[in-house]
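When the chains are written out, they are named A, B, C and D in that same order, and each has its own residue count from 1.
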Amino acid sequence: MSKKPVCLIIGAGAGIGGNVGKKFAKEGYHTVLVRRSDEAGLNKLVADISAAGDSAVGRLLNAAQEDAIENLIVDIEQNEGPIEVVVFNLGAQFGDRTLEETTYKLFELGWRMTSFALFRVAKTLAPIMEARGGGKILVTSATSAMRGNAGQHAHAAAIGGRRLLCQTLNAELSVKGIHICHIYIDAMIEAPDTLGRLVGEEIYEKLLAEKANGKDEMVIPEKVADTYYHIAHQHRSAWTSEVDIRPFSEQPWWNN
Amino acid sequence: MSKKPVCLIIGAGAGIGGNVGKKFAKEGYHTVLVRRSDEAGLNKLVADISAAGDSAVGRLLNAAQEDAIENLIVDIEQNEGPIEVVVFNLGAQFGDRTLEETTYKLFELGWRMTSFALFRVAKTLAPIMEARGGGKILVTSATSAMRGNAGQHAHAAAIGGRRLLCQTLNAELSVKGIHICHIYIDAMIEAPDTLGRLVGEEIYEKLLAEKANGKDEMVIPEKVADTYYHIAHQHRSAWTSEVDIRPFSEQPWWNN
Amino acid sequence: MSKKPVCLIIGAGAGIGGNVGKKFAKEGYHTVLVRRSDEAGLNKLVADISAAGDSAVGRLLNAAQEDAIENLIVDIEQNEGPIEVVVFNLGAQFGDRTLEETTYKLFELGWRMTSFALFRVAKTLAPIMEARGGGKILVTSATSAMRGNAGQHAHAAAIGGRRLLCQTLNAELSVKGIHICHIYIDAMIEAPDTLGRLVGEEIYEKLLAEKANGKDEMVIPEKVADTYYHIAHQHRSAWTSEVDIRPFSEQPWWNN
Amino acid sequence: MSKKPVCLIIGAGAGIGGNVGKKFAKEGYHTVLVRRSDEAGLNKLVADISAAGDSAVGRLLNAAQEDAIENLIVDIEQNEGPIEVVVFNLGAQFGDRTLEETTYKLFELGWRMTSFALFRVAKTLAPIMEARGGGKILVTSATSAMRGNAGQHAHAAAIGGRRLLCQTLNAELSVKGIHICHIYIDAMIEAPDTLGRLVGEEIYEKLLAEKANGKDEMVIPEKVADTYYHIAHQHRSAWTSEVDIRPFSEQPWWNN
């Protein structure tokens, strides 16, 4: 059992999840990093945090599996310590697909990995947090939670629903001390695991050359992590329930 | 095969669905009325429309069943005629339930009956409509599609996602001549099958006494039907993608 | 005094205003058409309506002038008949201008012609309508009421405020039988007086060639008029407070 | 000329404005505190900051006056130092008033103090900031910027327009390094100058007894100040353009 407060990151790759984990670890949390695959990547992340003198452990988890999320939470509560912050960082961005290209299976998977998985986290963790007097649930989201663009059938339906789930959860749980915040990233993120995989290595390298490397025209996960940390530490008289994030160089989704 | 254009109503009870069916039948459509149960009620609806000299048939359908929606659409296209208008009228209002009271099963059912079922309709019907140069998909929705209230976990997540699905469908299909409109009813509806069942007969009778019977303080399905019909017949240079509906006496969801 | 119900159109040019006027006249209203200038155009509009056997009169009015709107309403009530429907059709689309190009004067003018002018109409007419048990206020609006794009400083601030004014008016007046609807046109309109003047004749002709003349890719005012008429005649148990309008060929403002 | 970066607070009373000023001063800014009246209160605020070893000056200003804002900015730039952050904290909450109780004068004043005053700040300061490569404009706002409630005619029209002005400014200026954020407080604030004046001393004392003093059920300005400071210091790859703020105990405006 860690003596530090526990921050659980569900979806801890090399982008937002991993960097939010690093930030919380650096600030004194024991961070539990969870991802589906790439054990080597996960071990490296844990090693990096440990090397900095901070505290982290890693877990592999298939969140779509029955009881997986539920067992994980119970296990962490028993073996790592009370979860004070959970960062829900699972997404379902499959790239643009026409209606024809979007299968029933994909449509369901999107819902299962985002909306339903968050519901499972909340069902399991909220009563525990409530009994302790509070906690934080930070949900990473994307533009498709705000409006449905062409090709985003599976993604928008899934995370658009999840956004409203954050609101129903907040409506019930905030008064019990549980702070829920929907943080939506409205731009491309420097993240080899997600954007990199989505667009392919070549395009990703080109994007980095054009927009990253000091230009700051893609979202830098390490920098967003500061906002996650800030929100998790807002005084309870002044909580935020939704924030948008984009680089200075990008127009918001509502502009053309 | 009917010589009239076909209007398919998925979810045709005694409220919005049945009354929109009557309106379209009266205006010259052959109306296919589909509902899950209450064969007697369905037969009465068909008989009422026929007695008025209009055209309707009824079908019982469990929309949650695999292939049920898909087979229905194929069947109607072959045996009743080309579907020009589909009114998607399935909802998932289970009443207010706390997080504890909302089971995984219910959460999934909500998604399956609303978001996923509409996706299945679109996957099946949109290519057929597109090949014919167009069609209309009208989706009955509710306030929980706009924001998540306490107790609405299953409902809001399901239909909030479905609202954005309407947007992704519109983004891809409107240019192909398919008009999609999200019609959300932001108040109680005079509907014994839905509101009546939800609140129980006694409360429903009390509500009718307070708000109906000439007071017009609940949404009268027969009157909303006019707006469905209007939207389905807007000229393609002037389509509407979303409308709200409530009685004069009700404050919108955004007011307190 | 006309025996017909009166429909007052404030901002009656050759686009939305004039065509909504024609529609209401055709359906049995005595239409009072008001515009700032172009007496010849106004006379032609009145003559066209009269030639069709319908009823209309025209008035020139500088809405920005003190007491002009107030006196107009009193005058119409006394000399033409009780105003049942007012269509508020004044806009303030000055074209895209940078912050530098947007003067204080322009910024104020935008507010004065849209938000403040509607407030003056409501202050003057709502008590009269209320005393009669009801009325209709239809407000023509535009995409800039929903979100602020680059170059739209004066326009968006003015009509974004006006949209919320529609909501405050609705919150107070709907229960008194006054139906307020914010109708926003989310695309270019075939209107020589407004779009034509804004982009210049040459570009306007090019736009018509590309998008109009049977292509229906610009909003056709005559067709939108049907939706104005429909909304003004919704049953009070099923009122709509906001609709969007665009051609099938256009993506909504929330899509990219 | 201060060697510290300058933070200008327009609307610096004992609530949000004053406390944001204190926070920035504490963090190393030279804070220029501006308010319309109550010179004693202003002097006390400056004295408090100075007593803590931080840097502040005060100015009285009638923002509605012609050239007042413009001259102030020029003066500060010349005599205090380059303005790095401006906190625009003027509001126009006049309390609930019916349409009848809302005069033309009040309606105009609301617009003048909020939407137009921010436009004047932006017109004057944005070119200066742009020439320096950037700056921050933080706008304090309220629920009425999101939707129009009964009795809020003047307020909602004014600040609803101002919200969209923030968006048009952002659309033009973010790429020039100017970060604009619309921070809306969706609850009552512990602020004797504003809420206290609005509801009267007796009710205000009652509210404090019920909701403040350790209960944290009203927004505590000192706590919100942390979020203002955080936003002003977000890395430019991860800017936020809008945040909501409310106590854990309050339901958001979109809930009933």
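Convention: contacts are C-beta pairs under 8 Å (C-beta built on N, C-alpha and C of every residue); 3 or more make two chains touch, one makes a residue touch a chain.
Being a predicted model, the structure only gives us computed values, none of them experimental.
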item: Chain-contact steps, minimal, separating subunit C from subunit B; value: 1
item: Subunit A onto subunit D, rotation angle from CA fit, given as a multiple of 5 degrees; value: 180
item: Between subunit A and subunit D, centroid-to-centroid distance (C-alpha), Å; value: 31
item: Whole-Å separation of chain centres (CA-atom averages), subunit A against subunit C; value: 45
item: Centre distance in Å when subunit C and subunit D are each reduced to the mean of their C-alpha atoms; value: 34
item: Residue numbers of subunit A (touch at least two other chains); value: 147-150, 167, 170-171, 251, 254-255
item: Residue ranges of subunit C in contact with subunit A within the complex; value: 146-150, 251, 253-256
item: Residues of subunit B that touch subunit C when the two form their complex; value: 167, 170-171, 174-175, 177, 179, 216-220, 223-224, 226-227, 230, 234-249, 251-252, 254-255
item: Interface residues, subunit B side, partner subunit A - complex; value: 98-100, 102, 104, 107-108, 111, 115-116, 119-120, 122-123, 126-127, 144-145, 147-153, 156-173
